[in-house]
Every structure is written in C-alpha cells, then in structure tokens.
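See the structures that follow.
Next come two complexes, and both contain chain A; in the first it sits with chain B, in the second with chain C.
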Partner chain A sequence: MGREVAESCVDSILTEMVSTYCNRFYANKPELAARRIEAIGYQVGHQLSERYTMERPRFNDHLEAIKFICKDFWSELFKKQIDNLKTNHRGTFVLQDNKFRWLSRMSIDPSENGDLSQDNPEAAENKAAQMTSMHLYFPCGIIRGALSNLGIPCAVSADMSNLPACSFVVRIKA
Partner chain B sequence: MIVCVAVVGHQNNPLYIQSFTDADDALKLHHIVHCSLDVIDEKVNNPKKSGPTLNETFLGLLYPTENYKVYGYLTNTKVKFILVTTDLDVKDADVRNYFRSFHAAYVDAVSNPFHVPGKKITSKTFAERVTNIVKSFGFSSAA
Partner chain C sequence: MAPVAPRSGDAIFANVERVNAELFTLTYGAIVRQLLTDLEEVEEVNKQLDQMGYNIGIRLIDEFLAKSNVSRCVDFKETAEVIAKVGFKMFLGVTASVTNWDADGTCCSIVLEDNPLVDFVELPDTCQGLYYCNILSGVIRGALEMVSMKTEVTWLRDMLRGDDAFELQVKLLKQVPEEYPYKDDE
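Let's turn to the complex of A and B:
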C-alpha cells in the first residue's frame, strides 16, 4: 500500500530545492545548478520507474515505454495523463501537458525585480522565464531517469513557450 | 525449500546472492545461478521458443537439474531474479507469487536514497525480508 504526500509539500520542496541550488550553492553558475537539479530528478525517476513497472509485462519497443510514461507514470505523478504525444518516428518524442501541475501555480515576485520591471519589462520577463525554466530541469531529469532505467538512453529538454502548457522533448540516443 | 536466491543487475552484475543451506555448497549454488543467466538470455532473445510468455516478467522454469529446480524472473528494468529450490513439485502460481514479493522487497531496497544504483544491496532490512519470504515458502509447500 503506497503512502501519499500532500501536493503542497511537493510543490514547496521543488521550489525550495530550485531556489537553494540557484541562489545559494551555485549562485553564479546557472548551468551547474541546472545539472545538479536534473541529476536529482534522474535518481527520482530511476527509482520510481522500478516501482511503477512492477506489475506489467516488459516493453517491446521504445514507443511502448514512452506510452507508459505518458499514461501510467504521469498519472502516478500528476494524477493526469500527458495530453498530446507527437513523434517523428526517428527517436524524437514530444510530450505535451496542457496544464503542468508544477507550473500551474507559479508566479514571480514583482518586488524582487521591481526596478527592472519598471524600466525594462522585457528584462524582467526574461528573468521570470529563466526562473521558470529552472523548475523544469527536475521533471526533465525524472523522465530521463525513468527511460534510462527501462533501457532507453535519451536526452530530455523542456519547452514552455505557452504557459501553463509545457512540452517535454525526448530524444532517444541511437 | 528454497536453497538460493539471487538478484542480478542489467549488465549481469550480481546485486544480491544468498544461499539458505546448512551444508557447504554455496559455491555450487552460485554456479547454478551463474549458468541460469545464459538460459535467461536465450529465453528473452528467442521469442519463438518462449511463445506467448514473451513479455511476462515471470520466466518460468529455467532448467531442472538432478536435485534442484531453477526459476527466473526478469523485470522491465532488466533486473533478474533467480530462485533455486529443492522442491520438485512446485506450482508455477506459487513461485510467481514469491517472485512478486521478492520484487516488492527489491523495489523498496533500491528506493532507499542511500543505495547506489548498480551496486550490491547491503540493506539488512532487505536481507531480513528475503529470509522471511524464503521461510514462508518452505512452510506453505510442506503443508
């Protein structure tokens, strides 16, 4: 029997993790912070995939594994499935979530970069986008960890051009 | 009675192996486990032979020897579970259930944040759970 965790706790720990890595550990090295956060996600995905694939037959091909991520894995994590899956049939998959839970309640504190937003709204927006993208390295890592544990090495990136929709691009390494 | 259980990683690296006999035959049992890895490979890569059970995690009887029966189980993440038993009339359904509880114990063990993936499982709790499962197996088949 699985134990459950309050959603708000998960939201808070994600926010806190991102801010700790970005502002305290690697304040001036956003790439390094991103890599560390992704690595944490990788471990989480690695362990979760072992658990969630327990009761099912083995996958035949990559598409089946990706479908598992879209349906069962996503339902376990976010109580919903991926809304749209696209593929070019050559190892690239785009998983789109129309209302990604971990971004749906995201807002940027205007006081933090108040000067910026008055003088230069574009720069403020840029900063906001950068902060939001930091929060996406963790789910990217989860997907990568889950797939590599299933024997599919891949690279995962996220695209959030129209929030709160969010898409994850999975490129399978041949 | 189960005499030996083993967990083997996706690169055929041993993650956990434990024998449950009083006699000094651990080496022999390890040898049996080692041999069964080839049988598992063959079963998985030759879909024709294994037929409809192709994608099931439970691989069934790998091979019988004079004194033992060897059963295998392969997870989605290519981790292999191997079980050596001296009972010659075991029901498949029973073995399937025991593998399922082994797998559950394994999942709990690797979910420990201090466990390093791909390294041997050193958790005492895991060893205890496996021992309990093995003991209960002996009882149910004796009854």
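Let's turn to the complex of A and C:
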C-alpha cells in the first residue's frame, strides 16, 4: 500500500488552484485560465502514466491504451473504473464516469458569486456552471497527458450535461 | 466539561476518505511549476503559495474542528501540539513535533521530518529562494486566524535547501478575544 493523504487535501488544492487562476490571475480571460489549468493537469497525467506503466508491456493499439486509462489509471485516482466506454472506431472515444468524484465532492463557494445569487439567480447559476467547467479542464489535461505519455496525441473535452455523470471525449489526432 | 483534545490524529486519519498521495504530490508540484512559469519571480511564487494556503486554511479549519472534536485549547502551547499531532496527521498522514519554545510561550517551531509534499521533488538551481512548501505556512496562518489567533509563520529549515528537516516557526502576534453575535440566554 502506497502513501495516502486525506482526500480533502486534494479537494482543497484543486479548488484553490482553479480559484487562483480564474478569480485572481485571469478574472477577465477565462480562456487563458482554462489553458493553464489544463496544462497543470497535463503534467500530472503525464507523470502518473509514466509511473503506472513502468512495469507493463507496451500497448499494441489505441484501444488497449484507452482501456488502461478506463481501468487501472482511473482506479488509482478514483478507486473506481470508468463506467462506460464508447467509440466510433475512427479515433473518438467517450469515457463516462457515472458519478465523477471531483464533481460530486465539489461545492462552489457562493461568496465568490458576490450578490448575484440574491438579485439574479440565473446569472449565479451560469457562474456556477462556468466554475464547474473550469474544474473539468484539470481532469481533461490529466487524460491528455497520460495518453500523450503513451505516445497517443489527442484532444480531450468534457461533457457535463448529465451531472453528476461526466463524459470525457477523447479525439485521437491522426 | 469540554472533551479533552485527542493526543494524536491516527484514529481520525484512519477514518477519513483517503487518496493515493502521488496524485496530491504531483498536482502540487505541477501547480508550483506552472506558477514559476507564469509569475517568473520566485518571490512572487512564494507569496502566491502562501496566499493559496491561507485561503485553504480558513476553510479547512471547519473540517478540522468537526472531525477532531478539539474544542478549546487552554493556551498556545496546546494549540501548537494539536496542530502538530492531530492536524498534520489527519490531513497529510504524518506527525510533526513541537520544539524551541520561547520563554513566554508565544513562539515555537513545528518540525516535520517526513513531508509528502516533497516526495520526488528536487529543485533546480534556478529556484533558489523558493519556499517550495510555502502553502503549509499559509494553511496554518489561515486556520489559526479563524480561531482568533494572528500568527506569523516562517521557514527556519527546509530539506529542499539541504537542511535535515522542515522547521516552521509559528509566532503568536495577537489573540483576539472571541465575540459571540448572540447572548448566552438566547
């Protein structure tokens, strides 16, 4: 059994990292904040996948590598596997986690929304959705970093239209 | 009578949700690296890490109080012991020790020999002046401020700078008496 820390350490650091980039560094440039958050995830994914594949034979094809992400890799991070994997057999894979841990444990601090929540609930809701999607750039970066370390360049986006389920769409670059 | 503060966080750590520390360590490392790229100045990175820690500390104190059952420490000495023995254990899974008290009991050192933040970390020469673990000092400062203690937290020893342990000096600047917004009989 490797070393462990309380899950709230990870939750705290992720919440604070997203808030630092979105609210303090790039408050008016969400696309720049998103890029930085994704880059941090990319580094983490790249390093983790390096560590988790050290004693494993090379993957023969893309599907094997994706299955590794869905099973072993996801289990190391979230103690569960991806629930559903779909592919169009032309380089696009959809990985669905029915209860994505980082979303189900996350709460958006209402104080960050200022007065919006009282005067304008709709705007407050938009802001909350925006913060949630900002949080998802991190796991998207992790997946892209992990696959890139396995020699698979790709683009990863997240779909959170069915919360608390979350789908990650991986498009492999030809 | 108020319950006695636990002497160790072992039992609490055993009961909280835990995750693989690699994820935490590598995520923190990636954040520090990104901050170094974005901010360029090491001093500014130290400042931001401290600020992030402070923001975490002011929220984490609630979880700490709820899970630890610690009620009120009789003095700053007990507070420091509780941070070292219960706080560090319950979140990071390691125990720290408290030493170097000054005569009036308002300044001490928290010494950490094992620190999950720095597993696999080596600093390049270009990072001289970086307090890599500065987030920790911010967390302590933020958490204590929420229980009415203004402190100043500084690094005295740092293993990434070649020292044999991590040593944080915690200095109590001011203890603000707690004021309740309600009366006892309401």
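Everything that follows uses one rule, which is that the second predicted complex is superposed on the first by the 159 of 174 C-alpha atoms of A that agree within 3 Å, B and C clash if a C-alpha of one lies under 4 Å from a C-alpha of the other, contacts with A are read in each partner's own complex, and residues count from 1 in each chain.
Everything below uses one rule, namely that a residue touches a chain if its C-beta (ideal position, glycine included) is under 8 Å from a C-beta of that chain, and two chains touch if they have at least 3 such contacts.
Since we're looking at a predicted model, the values are computed, not measured.
A.B. asks: Considering only touches as defined above, state whether A:E76 meets chain B (first), chain C (second), both or neither.
C.D. replies: After superposing on A, A:E76 lies in contact with chain C but is clear of chain B.
A.B. asks: Does the superposition put A:S19 against chain B (first), chain C (second), both, or neither?
C.D. replies: second
A.B. asks: Please work out whether A:L163 is in contact with chain B alone, chain C alone, both, or neither, and reply first, second, both or neither.
C.D. replies: A:L163: touches no partner chain.
A.B. asks: Where does A:V10 make contact in the superposed view: on chain B (first), on chain C (second), on both, or on neither?
C.D. replies: second
A.B. asks: Touch test for A:I40: chain B only (first), chain C only (second), both, or neither?
C.D. replies: Second partner only.
A.B. asks: Return the chain, chain B or chain C, that is in touch with more residues of chain A.
C.D. replies: Higher number of touched chain A residues: C.
A.B. asks: Based on the superposed arrangement, let me know which partner A:A129 touches: chain B (first), chain C (second), both, or neither?
C.D. replies: neither
A.B. asks: With the two complexes superposed on chain A, say which partner A:N60 touches: chain B (first), chain C (second), both, or neither.
C.D. replies: Touch partner of A:N60: chain B, not chain C.
A.B. asks: Which partner chains sit in contact with A:R51 here, chain B, chain C, both or neither? Use first/second/both/neither.
C.D. replies: Both partners.
A.B. asks: Can you list the residues of chain A that meet both chain B and chain C?
C.D. replies: Residues common to the chain A contacts of chain C and of chain B are 43, 47, 51, listed in rising order.
A.B. asks: Under the touch definition given earlier, write down the residues of chain C that touch chain A in their complex.
C.D. replies: 13, 16-24, 26-31, 33-34, 38, 48, 51-52, 55-56, 59-60, 63, 90-93, 116, 119, 135
A.B. asks: Would you tell me which residues of chain B are touching chain A in their complex?
C.D. replies: 10, 55-57, 74-79, 103-104, 106-107, 110-111, 113, 117
A.B. asks: Over in the complex, which chain A residues touch chain C? Could you list them?
C.D. replies: 2-10, 12-14, 16-17, 19-20, 25, 36, 39-41, 43-44, 47-48, 51, 76-77, 79
A.B. asks: Which residues of chain A touch chain B in their complex?
C.D. replies: 43, 46-47, 49-51, 53-54, 56-60, 149-151
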